[in-house]
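What follows is a set of notes on a single structure, which appears directly below.
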Amino acid sequence: MELNIDRERVARCRELASAIVAPVEAFIAAHSTVSVERAVLRLLGVDGVTPDEVPIPNAIVDSLPDHERRRGVALAFGKALAETGLEPAALGEALGLRRCALEQFTHAPEGAARGALGPHVEAALRRIEAQREERARAMARLPQLPPPLLYVIVASGNIYEDRSAAVAAAEAGAQVIAVIRSTGQSLLDFVPFGPTTEGFGGTYATQANFAIMRAALDEAGERLGRYVMLTNYASGLCMPEIAAMAAIERLDMLLNDSMYGILFRDINMKRTFVDQHFSRMLNAYSGIIINTGEDNYLTTADAVDQAPAVLASQFINEEFAHRAGLPDDQIGLGDAYEINPDLEDSFLYQVAQAQLAREIFPHAALKYMPPTKHMTGDVFKGHLIDAMFNLTSVMTGQSIHLCGMLTEAIHTPFLGDRALALENARYIMSTARHLGDEIVLRPGGTIERRASDVLAASESLLRRVSETGLMAAIQSATFADVSRSPDGGRGFEGVFARADGYFNPFEDALRFAVAS
Amino acid sequence: MELNIDRERVARCRELASAIVAPVEAFIAAHSTVSVERAVLRLLGVDGVTPDEVPIPNAIVDSLPDHERRRGVALAFGKALAETGLEPAALGEALGLRRCALEQFTHAPEGAARGALGPHVEAALRRIEAQREERARAMARLPQLPPPLLYVIVASGNIYEDRSAAVAAAEAGAQVIAVIRSTGQSLLDFVPFGPTTEGFGGTYATQANFAIMRAALDEAGERLGRYVMLTNYASGLCMPEIAAMAAIERLDMLLNDSMYGILFRDINMKRTFVDQHFSRMLNAYSGIIINTGEDNYLTTADAVDQAPAVLASQFINEEFAHRAGLPDDQIGLGDAYEINPDLEDSFLYQVAQAQLAREIFPHAALKYMPPTKHMTGDVFKGHLIDAMFNLTSVMTGQSIHLCGMLTEAIHTPFLGDRALALENARYIMSTARHLGDEIVLRPGGTIERRASDVLAASESLLRRVSETGLMAAIQSATFADVSRSPDGGRGFEGVFARADGYFNPFEDALRFAVAS
Amino acid sequence: MSKIVRPYGDTQDDGKIQLSFTLPVEWSEAADEAARQLAGKMGFNDVQVVDGRPIATGFSFFVVYASTREGVDVEGIAAPSAGGHAMSMEEVDAYVAEHVGRKIRVAGACIGTDAHTVGIDAILNMKGYKGDYGLERYRMFEAFNLGSQVAPEELVRYTKEHGIDALLASQVVTQKGSDIKNFTRLSELLEAEGLRDRVVLICGGPRVTNRLAGELGYDAGFGRGTLPSAVAAFIAVTLAERLRPRVGAR
Amino acid sequence: MSKIVRPYGDTQDDGKIQLSFTLPVEWSEAADEAARQLAGKMGFNDVQVVDGRPIATGFSFFVVYASTREGVDVEGIAAPSAGGHAMSMEEVDAYVAEHVGRKIRVAGACIGTDAHTVGIDAILNMKGYKGDYGLERYRMFEAFNLGSQVAPEELVRYTKEHGIDALLASQVVTQKGSDIKNFTRLSELLEAEGLRDRVVLICGGPRVTNRLAGELGYDAGFGRGTLPSAVAAFIAVTLAERLRPRVGAR
């Protein structure tokens, strides 16, 4: 199956995306955020909470006076390492218990600080590297089924219930398990600590929860002879930290969008731009596939109208991702099957949109989201809409496939719902496995015309954005009909300009790693 | 969507079918059956039962001595009409009550008999004609929805329950209602009488039941602004009589296969061949669309293997139908979606088979039967298999679409099952309405190769049959793996050679009508 | 008069129903039998376990058809829909002009931690829902959309400060009864503040029914598929009725 | 020891189930409420009528999610499958040769007016089912397939006349309890003719369970998905056991 798309227009769209992202990247390079700094500490091995439950990375970064913070927490922390001779974890604990404070350690020269950090940075990178290799070995030994990867969510709020649900789903054919985060975690300016059993509409993303899930899925994967991937959410106020935790605990994917937090969570745009960059550098290095959130454009607005915005966002996400060093096969651009099912020929429009993304981003790990908005309590009809979604996915060669639930409009998935959803996907994708190879799209037909219209409209949109600049465009509600001001929104206070001599040892190392 | 099929091979298949049917037609022309004769009486207006519940047409035909029967019941009956001056209905009643007997009336000359019959034959034909015109007017006034015609069954055993179910189904979108016959009615050598409320797995086909259903559907059709078609079953021991009743009561379709009774009901082949011919002449004149039963090859044997047999049977059914005067658009050749759903790419095979039939019989009213054999108690999976069937149907432009029931493996349809089935069909056929127009099949692909293999195998099969002759081929288990001998099976005693001077006024009139 | 109805399979009063559920047991024939016995304990007859199969280690899934003897008297059921007053936007505006004589001030929000604004937006926003304009478009309504994740306390404060006539609260997330908790909190707070009689209090969301709303102390509740005009008409009529005595006293 | 299990939604013992049914009432909000009350009468809690809609004049369809308090003790359930003796064709033949010492004569039919022969054919015919050969292929079985619509009387007569060791009766149509009627008639006739102890009596069909078979006086019952080898093994073992005393008496 192939669309006859205007390749030159695609090239122009990419140039526009580059022109849009370039000035933002300059901004990013000149700034850091509290979460970036906390991620540096986490990578060094700092973890745990203070007696009043504040995560120690937060306590440490918050304790820095502004001028120190601007030079990066690593320098101050490195001095303390040099002076105390402690391991980072032990130093973190001492600081968290207020046995000492960073301001005590200002004597060591910068060189000593860097020297003290060196081996720990090395160790952290080696640890991540080891996880990446472990994944590669496991995937070679325990090969996945033919694409798309079937992906389901667990969302009980309790990590132990989630674990049972995840293992059951893996047995039923799931290849990727996403632990949905508790509502609004993306708005917390810290990462909760420890195993958690009480979440709301989802389970807290914590390093302990990551580890519990990873262990269970590794065990299941060995038993099933099929590596089972684990996913969580980065986008939010703690993107870099979650990226660090995910690297350490060998998550395989992360929701990580360059604009989701801005548009859908009212997170400050500068904060998000800086955070997404560092988190994606980490993702790149850890071999983690990012998932972008274009589906969010479609859950509240009309999916036919929003198609150009989805595509424009994909171009922008791709550009940001490339600039953070992510190779195409780690870029899971999002889309969703959200066109009103009662629209005549809606299936054709869906195929057009999905195939367009496939051809424009041939090597991307396209992530395809299921129908949600038009699902109702009629579970029988819902199961059919999911079937047509499954068909579209296998026809157009999507890479990552979120299984739709027949109970989407009713409750977070039951264990049995997940089994039915996986059976739906497995049946449809098997019975029509090679349909996409069998057919040629009629030149000038509805599908081809629709795809070409969407591409053209997307180019206009990108052009408009490139003319005003991305931040101004967001302010004037170009995306998802919401307007956000550059200095408004959550987490703006955590963004700061880097001072001369700013130092982030991981950034340097990762940039080097990516370049080589 | 178009297959690249070998048109010359298709032409050869048609020639073979003609060569196969020609000798059978010679046999048919030289014979009649008790059911043909009873149908003649019914057309003349004879109806009702004797005091011991024997249908009067049976009583009359059975009362004829062999030599009279060989000249056709019409002659003997005509003489009685001439001598008594009674109307046919009254004469029938008198005969049924044994107030008189046909043997009393042998005096009138043949000319008088013919003369007495003339106006009644005329009236019967006018009545059928009027129904045909009524249908045409109703369909113009109450147009059907775009094809395929959605067809559902009712099968409660009670005509009044069936009526409620039928009206409910029409409201839910059904365009054709089939009243499934009580089990084994096809093996009764008479047609039951009057409205019936106790059937087994279905409801008896009686003229009264036809009328009850027709009235209810006419009423519903007016209310819905959409003509609702009515279907029943002819194939069996009473094909001609049921065709006559259906003509009178304005049924719109009839299951009428030239070989079904032979293969699947062990009805004598000579009986079936003679019966199908006269019944189809009546169908032709009444504007009734016949439905053939190729789906039956697939319910017991493997659907992939049987595909050539299905196609061969379609060619033979078409040839028999043409010879009975049926135009293409009244020939509903059968096929079914019965390939194992767990077979990888089974959908492609189904599309190949369905599209092949569509292209070989471009003007036929193709009848597409749903998955039954592979349906299980898993209603959720079943609903999906039905969805793929629905998709195949709309993609390949089938004409008559039997909606599959998610509870196929469980019970005869509940009212709610039918509603879900219709919603399934309506959703899938709307969301992918023009998919078939949008795609081109890849030359040399799986679908095209499969279609061409089936056609080639079908030609070989037809060639084998043409070499041995149809009756001998059936005897040597060429079809459906069953062997039937030419003089074995049910109803053979009801077949007889026509004597010189055999007279069937309807046959003559219908042949004339078809020719003109 | 009473009219008892039972589930209908293919015959009046056959009581046929379909069930599906998961049991936390390894599948086996005994698991099918367990499912059958369980459905029997639920009070069903003619239980047919038409499908039973393993869906994971220690979990089996079942599809069951059965009959129930239970029936319900439909004549006895009072569930008057709150959407009974069918009026178009123009009619509502005219009605308000005549019977209320001033603009009605409406405030709406998605309360608690719920962030599903699409439903309340459908009722309030200009654009409306399924071709039916939202309250912001009505000449005789002044609508304030407070957005999502609004604490009941805040909504009550707003009501007091802005002289709100009608309050619209939305809840879409129902997990662990959070909707009931939030709705109850809102009506109790209004009561405590002595505002309950002054406002038309309305709740809505996909799992809301008018009956539930009544039980929670609301004037009305609107469920799935609600059109803005039905809400507007209800507010107009209810408010007009409350004002009538006062109007009469003039 | 007892182990009570309840339906499982997403948490142990939450008792969640899904229901669907049709009610013969015109749809309205009151019909949704009727469905809710009806589910309540069936004994369910937390009833959510998640879908209710008209499907025809005077008929509405509902999808309901609810919780049940009922549980079932899975330890207490004795539903030993008749397919417990796992043997391959070769093993069965060897077993019969050793323990029975002669060919076993088996007759099978689809009884009553039932004409669904595919199931019994799957067990008897050479070809078998899902790659598992049918009884005709076994060296130590002599299988007679009497086909469809065989009256119980005829089957009994055949058993007597041909010295049949094992009788296989199939029923696929279950409408109006016809399967139970036919199965019962067959076992009663055999009893009356004094043949019951001489033959291994087995029934089968998609709705048959081993437990039901026991209740009907059969030695075993086989349901959906049965493989011929399981039936062959059961016959072999059962017959060998019956013959044992006689063998010992030699």
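For reference, chains read A, B, C and D in written order, and residue numbers begin at 1 within each chain.
Operating definition for what follows: a residue touches a chain if its C-beta (ideal position, glycine included) is under 8 Å from a C-beta of that chain, and two chains touch if they have at least 3 such contacts.
Note that the structure is a prediction, hence the values are computed from the model and not measured.
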item: Label of the chain whose CA centroid is most distant from the centroid of subunit C; value: B
item: Chain pair, B-D or B-C, that carries the greater number of C-beta contacts; value: B-D
item: Centre-to-centre distance between subunit C and subunit A (centres being mean Cα positions), rounded to whole Å; value: 35
item: Inter-centroid spacing, subunit C versus subunit B (mean Cα positions, whole Å); value: 51
item: For subunit C paired with subunit D, centre-to-centre distance based on mean C-alpha positions, whole Å; value: 45
item: Interface hub residues of subunit D, defined as touching at least two other chains; value: 8-9, 16, 18, 20-22, 48, 50, 59
item: Touching two or more other chains - residues of subunit B; value: 376-377, 380, 409, 411-412, 414-416, 420
item: Residues on subunit D engaged by subunit B in the complex (per definition of touch); value: 20-22, 55-59, 61, 113, 115, 117-118, 149, 173-176, 178, 206, 224
item: Touching residues on subunit B, where the partner in the complex is subunit D; value: 167-169, 171-172, 183-184, 200-201, 299-300, 373, 376-377, 409, 411-412, 414-416, 419-420
item: Residues of subunit C touching subunit D in the complex; value: 5-9, 12, 16-25, 28-34, 36-38, 41-44, 48, 50, 59, 68, 70-72, 74, 77-81, 83, 207, 209-211, 223
item: Subunit C-touching residues of subunit B, taken from the complex the two chains share; value: 156, 158, 161, 165, 376-380, 407, 409-416
item: Contact set on subunit A toward subunit B in their complex; value: 341-348, 380-381, 383-385, 387-388, 391, 406, 420, 423-424, 427-428, 430-435, 437-442, 445-447
